[in-house]
Structure formats: structure tokens, C-alpha cells
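Below you'll find a set of structures to go through.
Both complexes shown next keep chain A, but they swap its partner, so chain B is in the first and chain C is in the second.
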Partner chain A sequence: MKFRTFAAFVAPSILMMLLFIAFPLVSVLKQSFYLTQPVYEMVEVETCTPGFLTQTCVTETKAQPQLDEFGKIVTTTTFVGLQSYQNVLEFGRVKAAWAKRSWSEFQTIDFWKALRFTLTFTFITLPLILGMGLGIALVINNATRALRGPVIFLSLLPMIITPVIGALSIRWLFIGDGILTAGLEWWLERDIAMFAQAWTLELMMMFYRVWHVAPFAAIIFYAGLQTVNQDSLESAVIDGASRWQRLRYVIVPHLMPLIVFVTLIHLMDAYRVFEEVVGFSSQAHVISLQWLTYDFLVPDQAGNRSVSRASASAMLTMIGIVILLVPVLRRTWRDHRGGH
Partner chain B sequence: MSQPRALRQPALLRISSAAFLAFWCLVAAFPIFWITVMSFKAPVDAFDANPFNVIFGPETRARGKGLSTLDILAGLTLFYATWRIAIGPLPRAVREWSPGGQVWIGWIIGALVTGLAFVVVLFGVLPPVMDLLNGIAGPLGRDVIGLTTEHYHTVWIERGFTRNFQNSLLVTTGVVTISLTFGTLAGYGLARSGSSLAFWILIIALIFRALPHAVLVAGYLPVFINSAEILRPILGDAAPTLYGKPAATIAVLVAINQPFTIWMLRSFFQNIPADLDEAARVDGCSHFQAFRRVIMPVMWPGVITTGLFSFLLAYNDFLVTSLLLDAQNQTMVPAIAGMFNMETTTTDQVVAVAAAVSITAPLFLLVMIFQRQIVSGLTAGAVKG
Partner chain C sequence: MKLKTMLAAGAVSLISTGAWAGCAFENDVPIKSLSAGFEAWKAVTDAMAECGNVEAELDQEFREKQPSAFEANPSLYHIGGVANSTMVPLLNAGTIRPLDDLVEKYGQNLTPNQLIKVDGQTMAIAMMVNTQHLMYREDIFSDLGLEVPTTYQEMLDAAAKIQEAGVVEYPIGGTFKSGWNLGEEFINMYIGEGGSFFGEGNMPAINNEQGVASLEMLKALTEYMDPEYLVSDSTYVQQQFQQGKIAIANLWASRAGAMDDEAESQVVGKVKMAAAPMGSAAPATTLWWDGLVFATNMTDEEADAAFRVAMEGIDEEMVKANNDTAVWLINGYEPGEVAMGAAATAAAGALPYPASGPMGIMHTALGNGVAAFLTGDKDAETTLADIEAEYTTAAKEAGLVQ
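What follows is the complex of A and B.
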């Protein structure tokens, strides 16, 4: 295919990605160094309340946003350098916590709290998802043919359900005296409040994520299991390999590329953990990196969005993604070079 | 097919395998099944600690809303009859009546007619008939399961969920159409070009796929809010404020979706032998003609599968739509977040549950119809790496 035809085919898609992905990235980078604020002016306001004989009047100086001739708020944009990053990372408080060697104080700082949760979440769910996925794939493969269709149908449900709704459906099982909390209380014979402390919330969030992603892993591994070489399995049997050894030395190596693929996708997605925080309304106890950026972007009570802080936290989140992806990209690059 | 003896499994292994399978099916389906049950009950029953009270709903029954044994039998018969029609006479009628080569139109019309008839019978014909029958049937006519549809009424009619539904429809249709148009072109180009440039485009797309969406939205928001001023020098007074407009959100979702779409479509295109376009080229087609007249007709399965995943992304999105759309144009998923944030009473909570079930129902239908396409889509990207 000539370059011109190739370019013509690819152009609309590339243009879309440049305009709505690459360009916003550059603009986020720029925003993170600038601060846009409304210009305030000091006005003297006299407020009077009716009183007996004379009115009681109080004069006070108030800061009010300045309006231009169209009635819009005037804003200024100033270069603040790394100030927004400093506001997000809060090194002052980090140092104070370090001086006291206090982990709990360190964990009161939003960014570090979010980072801690995001990383724990990502790396605890990963092995669970791979394990559950492989387990489900093996038992589906073991089931009679007539059962496989309905089982795959049921397995797809948690995967395609809207993430916020999925998290909510788990939340409603536990909230207040929901049936699962009631069941746990009856079993452990003690009072349980699942939404009152961080670790139970984190447990539910991880349960939700495994429930949501394990079917994806299972279906991919199930497809891989269909292509396992029967001859090598049989020769393993002849060599006296036990069932476990066959799984360990024949089946898992065969599935290895798929395991790498699922790992890659899961790392990308789990690092973006966000819907769980919304679904479980856990922001008072547990927050994630993407939720932090989202929270800066949501207008506060005065209607202001802290865009520059959001940009700084977004750029810091990006650094994490790059670190996660570098090993994968290096491998792909080597494969590509080797392939030619 | 008889298995070799050495591969036959001991009973214990077979039993534990079946047990694990049953356990997984229960875990997978239970939360969804349970919120569906909850959404039909009075608030006291829905959040009862005793599961049997949730299922049978004594409080709901006490209010005179319930189903008798006879009702349940009639309902099951209706479901069974619809199912039989859907797998027997319907496909036959579609094949007979639809114009040649346009079977899909026939399917859409057939599905709509069947669905409409089902709804009319379930809500229009059955209730009065069953009222009459329950009156004369004695013990069989007594309510056994409490069931009420009032929460759905609240969600769809009083809370204006219909408008959110229309917005969701608009956004998803836009996203699916545009991302498939751009995606098929790019996917074809990338599949047929072995150049280094194509490789780099794919890698950059992979990096873009990993970006947290909040990062991108942080880039759009200030621009979209001030777009009227930014665009005024170019477009004059017609310059629109992009914030809150469905069109802008569609463009954003298409772009976010694009990396995934081109990866998936490319792997489907690679399955189609390149000889096919070469034959078309020899016969005098240009590249674009070969693409349109020869490749696309055999690409439909791949396009449908990718379309499904684009649909899911647009339909399930919370972050982008909640930040970029104003209240007027809000889609269903962010709207429900608003519902459970203001919840104070259990009634509000059950209303939110009913909304959640309403959002899930179309997805459930989707999996029922397109199960095979979804599975093939998941494995297409993975197995070939």
C-alpha cells in the first residue's frame, strides 16, 4: 500500500486522537504551571437591620469577584511554576509526618492516601483475577458441552454491567442491615458496619473488581484452553506427570501470552480505579488517584473548579502509567525489531 | 467420544469442579438477581435483613400489591410462548418476508413487533383478565409474592428518567456510528500496511488507551467552557459553548474509544486474506473501492462485535458524561449517581435500585442476543496477541 493511500485511510482516526487525546495532554501540562483565579476587589458593604428608633447599620469590607461589562467574572492567569504540584504533593506535611515517623499522619494527605490505595488495589486484585480466571476457565472447560453456553452467559453479566451499577449492586447487599451484612453478623455473632472504616470498604471494592474482571480473564483463558496441544498433554501423561504437573508445565506455559495480555489490560484498568469510589461513596475513607483529579474538577460550592490542581494531579497520575507501561513497551519494541 | 483412561478424572475432582462451577454461577448472577428482586418490593421489604422477607415481600403484599399462583403461572406461560415464537416462527417469518439481502431490516422489525406484542399482553391484557380469574379461583387466586412496579413508575415518570434515556440513546448512537466509520478505515489501513509508521501508530494508540480519562477531561473542561470566546475570532457570533453539548461529548468519547476500536478492527481485518483485495485490484478497483465493495461485505461480524464494545463504553461511561454534560443533557448513569447522593429515606434508595435495574436491563438483552459476538471479540484481540 502506498503511503498516500495509507495516510488517507488513517487520517480521520489520527486527527480525532490528536485533537482529543494528544492536544488535551499538552494543554493539561501547560495548565499545571498556571493558576487561573477570579480577580477580587474589596468593596465596602453597609448592611442595615431594622431596629427600634434607629436602624442598626454595620459597614464591612468584603471581597467580591470583579465583573466585566457583560457581567462575567474577570479572571487572571498567572505563571506559578511548580506551585500546583506542591499543593497536591504537600511536602510540608510529608516532612512533618516523617519527623514523627507517623504512617497514619502521612495517610491523612489526600494524594499519598490515594496513591497508597491505588497501588494496593492494583497489585492485590491482579493475582486474584488471574487465579479466579484460570479456575473458572478450567471448570468451564471441564463441564459438559450443553452447560457451557449458559455458564458463559452468566459469567458475561458481571463483566458488561455498568461499573457504577455493579459497585452499587454489591453495596446494596451490604448496606445497613443488608442481607449479606446480616448473614455475616449471624455467623460471627458480632455487630458489623461495613461502611464505617477503610479496610472493609477496600475489601468490598476489591471483591467488586475481581467479580467484574475475572470473567474477562476466564473467557480469554477458556479460548486459550481450546488450543492446547492434546499430543503434548498425552505425552506428559505417558511420562507419568500428575494432573498438577500437567497444569503447571504444559497448560500454564501454553497460556503464558494470554496471561501477559490479561495482566497488561488489568494493570491499565485497575490503575484507573474510580467507579468503585463513586459506587460505594467511600470518599470519606478511601480515595483513588483518578478520583482525586475528578474531585478537583467538580465545581465546589462557589462554582469554582480547581483546574490547575487537577492538572497537576493528572500529570502525576500519568507518571505512574508511564512507569507501569515501560517494561511492556520495551518488550514490544524488541519483538518488533526482532520480527523484521 | 470416549476419553483415554489415563485422562479420566477421579470422582472427587469432578465433584469439586462442578461445585466450584455452581459457586461461581451463583456469585456471578446473585447481585444482579437480587437488585432486580429488591426493585419490585416496598422499601421495608427491600432492605429487610431476612432474605425470605425480601423475596416474598409480606409488607408489599399487605398493601395489596402482589401476585397469586395463578398470576405466576400465566406470566410464565407468556414468557415461554414468547420464547417459542422468538426461536421458531419469528426467524421463519423474517426470512420469508424481508427483501433479499436486507435480512437485518426484517430482524429489526420482527424484534420490535414481538417485543411490542409482549409488552401489550403483559401490561395491557393480562392484568384485567387475571383480576377476574383471581376473584373466582379461591385459594389459587390469593397473593403469594409481594410485587409492585411503583418504583419504576417513580423513576421513569416522576423523576424524568425518560429524558436521560433519550440522551443516552443519542450519545451511544453517535459514538457507535462515528467510531465505527473512522475505526474501519484506520483498522483496514493499519492491517494492510506493514510499515514502521503503522507499528508506531498502534503503540501510541496503546499508550493512549492506558490514560486515565480524568486526565483528558482536565484538558477539555477549561477549553469547552470558554469555547465561545476562543472560537469567536474564527466563527464569529455563531461560536458555540461546547460545555454541556452532547455533540462535544460524543466527539470526546469517540476519541477515547478510538485506540481500542482500531486495535480490535485491525485484528479482524488481518483475518481476511489480502489476496481478496489484490484480486479486486487486478479487476480494476481502487484501494477504496476494494475496501467498500469487497472487504466490507465480509467484515460485518467484526464490525458488529466492535460496535458492541463501543456501545458498552459509551453506555457505561460515568466520568466523562458527568463532567462534560449539563443537567439538561445528562445520560442515565450519571443521573443515577445524583439519585443515591441525595437519598435520605429508604424509598429513595429503592427508587435508585429501580433505576439501576432499568439501566442494566438493555445490557442483559444485549448479552442474550450477542453472546457469541462478545466472546469472539474478547478473544480476537487476545489470542493473536
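What follows is the complex of A and C.
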């Protein structure tokens, strides 16, 4: 392809990437090193608010932001270096917890609590999704032609549902005396509260994620299964290989690039776990890194947001993803080079 | 049921296309409003719409939109619905206008109690008050011969007896959902104990005896609650009442009407209202108001029209038609059974919610931090110290603490 043609094809996508990914990212990186604050002045204010019959008036000194001549709030921006990162990571408290060798104290620090859950979530769901995906793909592949269509449709259903809606529907199955909780209570003859402690919540969140993502893995693996060399499979049968051996030594090696691909995508997605926390309103017990960023960013009722800490936390999440992906990417790179 | 709703909707749309059916004047300036979406706002915005050319947006997440929408020039909305706390960012940014001249021109029907004054200037028009007060199952209490509790200790004793008698499994309900709701519960308790939130220079001051007492009372209450209390918000508690699962709760006055809603409630006529429990200094609750504000960034002509429309929205006619929807502050309101709790609470000297910039941060820090004590992850002092630390970090970032 001529360079000009190539450039013409690639330019729009590069432009979009710059506009919607690179620039915002640079801006977030910058904001994580700066602090923008309104300039406050202390003023005495009398406020009168309604009681049931008469008003209550209070006079108090309040911090009020200064307004410039256009009526906008005056702000100052200062360079604070790594201060916002320090505020998120809270090394002081980490040290204190380390000095006491206290895991439970360590786990009361928001960032580390979120990191602990995010990593657990990522690494427990990963093998389950690979396993389930492969399982579903094999089932589809071995189903008779007439059944294949309906089976594919059924197994794809969870993926079609919008994530938050899916999380909410599982929440309603279990919360309070939801159908499934009531069913479990009747079966086990004991009182069950799924939303009352961390581990049941975590279990539900992982169950939901596997249910939601396994079909994606399955469809990828199913596509891969169509290209398995039938000759090698037949010769394996002649050599007396069992079903398991054929899977282990012929099919899985053939699917390996796809397994790596699904792993890559899942690591990225799972590390950004968020819908589950919102859907199950689990923040009292379980939080994730992405939720922490969101929480910094949501304005409170007086309109304050922690933009700098949110930026720092977002950057930390990105660094985390990169660290997780490095081993997988290195492997892909090695295979790629080895293959040529 | 569906057919009825559709007929009603059809009727409403007929009214609004027929214009100013229930309105004293015909409005020809397009007016937009943004407010919360609960029942009272529906009533008020419907009444405003009768004047024609009014587009009302009812959104429970209004507080995230309002500050930036009002900062635009011209403002994206003319009328805003706010409460004590949500007025703060608008007031700080100067995006809502003083209303004294408009009140003088068109506000003949307003009572002095409705005018929210900041430094002598009227900045908002209040339409209703809201507060958390006691709701209890009168039938259960009289069956067991229990007195209506006036303090939280008495509430615990009553709950113990109800549980012992096996009437309901979890006698107490509470809006303990982690986040805003739980923060509000702590603030109620702490104000009841007479605590103050800030010291010199907006520094936090909650790590004290009153703070510990408040936390311990919250924890004591959870012993009698459904163990999933950390996900239970006002709607959830309301449903627990309606389904007969709880016997007593300190719930929002705006939810009182729903107890007698025959379409939803299985306990119609059985839930009675009473004053909020007393803390050692004041009622353990806060008084809130909801009202209307008007954007700075609009023409005086628009402001005129917006104010007149708003006055039609909160007139006597509207109150007469929606008497039990809220505890109205408007002329013509007749406090019924459901308003008893709010009235008694206010009479007992409940304090207004201390809305301010720092309080917004404190509320968030409390809402995120209190749960760790309730789940047993931290002891009371550590919980309060951590909340103070979280507050200080956020307040420093916001520039409120040096």
C-alpha cells in the first residue's frame, strides 16, 4: 500500500485516538499534579430558614468563595507534586499498620482495601471464565446441528444484557427476602442475609461477572474450534488418545493465542470492576479501585469534588492495568517473534 | 389500574394543551425548571405547567446537574428546586438571584416563614418542610401495651419487647444505607447529643464523647434491624413498613403519606406518627426545607414570568388538592394525621440541618466512614479519627482548611 493511502485510512482513527484518549489522559495526568481551589474568605452571614411555624435565624462565620467581576468563582491552581498520590495511597497509615503487623488495620485504608478486592476479583474470575468459556464452546461444538442455533442464542443472553441491569436483577433475586434468598432459606432452614457481610457480596459479584463474561469467551473459543485441524484429531484418535488427552494436547494448544487474547481483555476489564459495586450497593463492605475514583469525583451536596485525588487514583488504576498486562504481552511478543 | 393512569395522564395533557386552565394568567415566556422528583415536586410542577410554556424536569440526581446548569449564561433552567444543602453551591457561586423585588410584586400570598433569607436578602422561597420523625405500628404497640418511645433508649426497650413477643422478626427499620443516608443518621444522633461539627478554621471536631455516644446508639439500633441495613434507603424502609415487616422507624415525613396508600400498603391506618426521639440535648433529627430558587443568568422579563409561574405552582389551590403529600408551609394547608410527627418534632425544638460547604464534605466522610464501626472493623475512636482525617484531606483539597 502506498504511504499516502495508508495515511489517509489511518488518519481519522489516529485523530480520534488523540482527541478522545490521548489528550484527556494527558489532562488527567496533569491534574493529578495540580490542585485547583476556590479562594475563600470568612464572612459573617445571617441565615433564616423556616421552622414549622416561625423562622429560625442563625448568624455564623462561613467560608464563602470570592467572585470575580464576571460573577465566576475565583480559583487558584498550585503545583503539589505527588501530594494527591500520597493522599490516595496513605503511606503513613500503611506504615502504622505494618508496624503492628495488622492486616485488618491495613484493610481499613480505602485504596488498599479496594486493591485487595480488585485483585482477588480479577484473579478468581479469570480461570473461571476461561474454563466456563471453553466448556460452553465445547458443548456448542458437540451439539447436533439442529440444536446449535438455540444453544448459541441461550448462552449469549447474559452478554446481551446491559451490565448494570444484570447486576440489579441479581441484586433483586437476593436482597431481603428475594426469591433466591427465600429459596435458600427454605432449603437450608436458616436465616440468610446475602447483603450483610463482605464475603457473600464478593461471591455474588464474582458469580455475576462470570455469568456475564463467560459467553464472550465461549464465542471466541467456539470460533477457534472451527479451525482445529481434523487430521490431527483423527490421528490422535487412532493413537488411542482419550477425549481428555485430545483436549489437552491438540485443542488447547491450538486455542492458545485465543486464550491469551481473552485473558488480556478480561484482565483489563476485571481490573476496572465497577458496575458490581454500584449494582449491589456494596460500598459499605466492598469497594473497587474504579469505584474509589468515581467516589472522589461525585460532588457532595455542597458541590465539592476531589478532582486531584480522582485523577491520581485514575492514574494509579492505569498503572495497575499495565503491570498486570506486561507478562501476558511479553508472552505474545515472544510467540510472535518465534513464529517468524 | 393501568387504564386509570393512562386516563389521568390523558386528562393532564389535555389540561396543559388547553393552557392556563387552573392558572390566573397565560404565560408566553418559555420557562424550564429542574428539581428533585418526589411527590411534592410533581404536584408543584404540574400546577406550574397549567400556566402554559413550562417544561419541568424532575430528576433525583438534580444536585449533580444544577450547579453547572445554573452557571451557564443564559442559565439552562430558570427555576431550580433545592433543599437546605443543595442551595449552598448555587449561593456560593452567585448563580441564584435575590428575590425581594419579585416577592413585593407577586408574592402577596407568601408567608414570612417561607422566605429564606441570607444576610437580609430573600434568596429562595420555601414550600415545605421535611424531617425524620418516629413512625410506629399503633396496633402492635397497643396490643403489647407499650408506650410510644420519646428517646432512643425507650425505642430499644420497646423493640426488645416486640421481638420477644415475636410479632415481627426485626422491629426497627432505619435508613442506614452506606453513603448519604448513613451520614444523615449520624448527624441526627450527634445533633441530638448537642455536638458541634467544626472547630476553629473549619477543622473537624467530632471525635468526642458525643460522637462516640452517637455511634454506639446507631450500633445498638442495628441489633434490632434486618442484617442488611447497610443497603436500606428510605424507599426500602417505607416498603418494610408497608409489608408489615417492621414496627418502628425514624423515617422522613415525606414518606408518611405512603403508609396509607391502599395500592401499596398492607398496614393502612395502622402506622401512626410521633415526634423524633430526643437526644440528651435536642430531638435527634434535623429540619429540612424544600423550595424554589431563580437563576441569576436570565433576563428580568424571564425572571418575572418564572416567578409568577412558580407562585401559581405553590398556591392555595395546589395545596388543597395535595394536602397530605407533604408538610406544606403554604397558606391553606391543614396539617392532617400524617403531619403530626413533623409538627411535634418541630415543636420539640428540632434544629435545621447545618448546611454549608464544609458540612457537605463532612456528610460524605461520615457516610463512607461510619459503616466500619457498625460492621465491627474499627472501634469508635478509630472510626471518628479516620473520618476526621478523611474530612481534613478532602477539605484541604477543596481549599476550606489551610
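Operating definition for what follows: the second predicted complex is superposed on the first by the 311 of 340 C-alpha atoms of A that agree within 3 Å, B and C clash if a C-alpha of one lies under 4 Å from a C-alpha of the other, contacts with A are read in each partner's own complex, and residues count from 1 in each chain.
Here, a residue touches a chain if its C-beta (ideal position, glycine included) is under 8 Å from a C-beta of that chain, and two chains touch if they have at least 3 such contacts.
Just so it is clear, the structure is predicted and the values come from calculations on it, not from any experiment.
The wider contact with chain A, measured as residues touched, comes from B rather than the other of chain B and chain C.
Of the two partner chains placed by the overlay, neither chain B nor chain C lies in contact with A:203. When both complexes are overlaid on chain A, the residue A:182 reaches chain B alone and has no touch with chain C. Contact with chain B, but none with chain C, is seen for A:289 once the two complexes are overlaid on the shared chain.
Looking at the shared chain after the overlay, A:28 reaches chain B, while chain C stays out of its contact range.
By the document's definition of touching, of the two partners only chain B reaches A:162; chain C does not.
Judged by the touch definition given at the top, the superposed model places A:329 against chain B, while chain C stays out of reach.
By the touch criterion defined above, A:298 lies against chain B and chain C together after alignment on the C-alpha atoms of chain A.
In the superposed model, A:318 lies in contact with chain B only, and not with chain C. Of the residues of chain A, those at positions 175-176, 281, 298 touch chain B in one of the two structures and chain C in the other. Contact residues on chain A toward chain C in their complex (touch as defined above): 35, 37-40, 45-58, 62-65, 67, 71-73, 76, 84, 87, 104, 107-108, 175-176, 193-197, 280-281, 283-285, 295, 298-304, 306, 308-309.
Chain A contributes residues 1, 3, 5-6, 8-10, 12-14, 16-17, 19-28, 31, 36, 135-136, 138-140, 142-143, 147, 149, 151-158, 160-166, 168-170, 172-173, 175-179, 181-182, 211, 215-216, 219-220, 223-224, 227, 233-234, 237, 243, 257-258, 261-262, 268, 271-272, 274-275, 278, 281, 289-291, 293-294, 296-298, 305, 307, 310-311, 314-315, 317-318, 321, 324-325, 329, 332-333, 336 to its touches with chain B in the complex.
Taken together, the chain B residues at the contact with chain A in this complex read 4, 6-7, 9, 13-14, 17-18, 20-21, 24-25, 27-29, 31-32, 34-35, 38, 47-51, 54, 181-183, 185-186, 188-190, 192-193, 195, 197-199, 201, 203, 205-223, 251-252, 254-256, 258-259, 262, 287-288, 291, 312, 315-316, 318-319, 323, 333, 336-337, 340-341, 349, 352-353, 356, 359-360, 363-364, 366-368, 371, 374-375, 378-379, 381-383, 385.
Of all the residues in chain C, the ones that touch chain A in their complex are 63-64, 67, 71, 84-86, 88-89, 92-95, 112-120, 126, 129, 177-180, 182, 202, 226-231, 236, 287, 289, 296, 327, 329, 342-343, 346-347, 351-352, 355-361, 363-364, 368, 371-372, 374-375, 377-378, 382, 386, 393-394, 397-400.
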